[in-house]
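Letters A, B, C and D name the chains as they come in the text, with residue numbers starting at 1 for each one.
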Amino acid sequence: MAEPSEITSLDGELRDGAHHMKVRVFYEDTDFSKAVYHASYLRFMERGRTNFLRLLGTDQRALFEDTEREAPSGFAFVVRSMQIDFLKPAFMDDILDVVTQPDQVRGASITLLQRCKRDNELIVEARVRVAFVSNGKAQRIPRALRLAMGAANH
Amino acid sequence: MAEPSEITSLDGELRDGAHHMKVRVFYEDTDFSKAVYHASYLRFMERGRTNFLRLLGTDQRALFEDTEREAPSGFAFVVRSMQIDFLKPAFMDDILDVVTQPDQVRGASITLLQRCKRDNELIVEARVRVAFVSNGKAQRIPRALRLAMGAANH
Amino acid sequence: MAEPSEITSLDGELRDGAHHMKVRVFYEDTDFSKAVYHASYLRFMERGRTNFLRLLGTDQRALFEDTEREAPSGFAFVVRSMQIDFLKPAFMDDILDVVTQPDQVRGASITLLQRCKRDNELIVEARVRVAFVSNGKAQRIPRALRLAMGAANH
Amino acid sequence: MAEPSEITSLDGELRDGAHHMKVRVFYEDTDFSKAVYHASYLRFMERGRTNFLRLLGTDQRALFEDTEREAPSGFAFVVRSMQIDFLKPAFMDDILDVVTQPDQVRGASITLLQRCKRDNELIVEARVRVAFVSNGKAQRIPRALRLAMGAANH
């Protein structure tokens, strides 16, 4: 209970082509089996995707501004499908690393590889296919965003 | 585990001036303490308020149509404050009765009395003050809605 | 808002080898995109799996008692992996049919096919591989449970 | 979207007798009204209480070790009642300050004052009465914990 509090960045950070974010497990994330409720990992990974886009916007500002010009009313990623493996349980008070990185970046969809780790143990691994939605409709992914993702990746 | 499944009404029912609704406790509602997570009761009570309004709309259709005329773009209750007592724990697989009834119906706000019970045991009791919001703004509560609430109450 | 309330069975029902359960979409299930939040479907499907097991216990009582003899301290399904497709959005006040059926029943794991439908529209479809956990450990699936699942299926 | 990421402490910090913690609003926290779902604030405040206890354990280690001696199987705060005011809406991407401080520390219960703020705007304010639970039962609050809370407060 008394481990010292880590200094971290509120929205995580981009490093080695991936977004890294620390998530503490709270009561709300667990269920009466004592472990983390399986759907809670989807919430953790959505926080990772949202922050990945947020930091990409700061880091690759010129490319992001091009994206915003193509989608002036704003845009978001919407999950189309996911394949998820629950490998080990996590527990109350655990600190998880949520790592998000582009896996396949195509014109119509992006597949992200997302992992929840506790130190070096892999807890959950998912491949998440997202579409780019703007103005309430799925759109072709703007070239600038594909470049920004690629730039993050190298 | 093997108790026979109760026949119930999907949205609960109005009876004796109150809305009654059965809620089954699932994994998602519990936490690692083994009991129901405290914020889950707010979700149960919100389902009760939503269904109370839904059934009032069927039961008191004429009064509700008057309300809809005063709020043509739709309306909702928004919680302004609540006083809530967590009296006993509830557990996985429990069936709770969520009972919602008007407590004070005034021009600017309505206070609802909401109870979660397991058979005759009171688990949670709350007084919930809601405002009537239409068109994105708090509005005076339409007379027809106040009458519909009063009619439900007698 | 004023559609009459359906009579339903609190825990859903077994029919044609599948478990069927109605779920109403509430505020808690949606997000600011206006549609149902993607992880909410995992909560709906977990309710389906829990109730499927519950009703199987009533319906196939003799086989279930054999299972309980093999797992005297209780048992549960734990999700090992899932493949999930989010095909269409669902919205506040929608009534969804959550349909759960055995897809592959093997010694070490069961794959369930789960679908969330709104009338005849398929909203979400998932294949969910679960392990049988008793006494805190994954166990071979008792023959009686495999038979009960098969019996439900025919 | 592109504001630079704040450096923060994962578990918040103790300052001026209060626990301060930043919480980012994600999709999961909102509902289709576009604002934060009312029960989400209870999740934010529970994170605040959990981290307040965690940091108190680090900061006032000697007093905490006395507490742990009196409750060797571990202990937790359990919410008995709360009075909560929802003053203004918060929205997706907002950063909230969750501030937790002892209000009344008595032998049988502690009342915490908890506030969610966005810059200088007060969004939610609550008084939360918690009991000290150890070994599955409510216990008198150990003198050392009362001292640790008092020490945090000055």
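Assume a contact is a pair of C-beta atoms (placed from the backbone, for glycine too) under 8 Å apart; a residue touches a chain by one contact, two chains touch by 3 or more.
The model shown is predicted, which means the values in this text are computed figures rather than measured ones.
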item	value
Centroid-based (C-alpha) most distant chain relative to chain D	C
Result of counting contacting C-beta pairs for B-D and A-D, higher pair	A-D
Averaged-CA centre spacing for the pair chain D and chain C, given as whole angstrom	36
Rounded Å distance, chain B centre to chain D centre (Cα mean)	27
Chain B residues counted as touching two or more neighbouring chains	27-28, 33, 39, 43, 46
Residue numbers on chain C that touch chain D, as the complex places them	27-28, 30-35, 37, 39, 91-92
Complex interface listing, chain D residues touching chain B	33, 38-39, 42-43, 46, 76, 78-86
Residues of chain B touching chain C in the complex	1-13, 22, 24, 26-28, 43, 46-47, 50-51, 53-55, 57-58, 61, 64, 93, 95
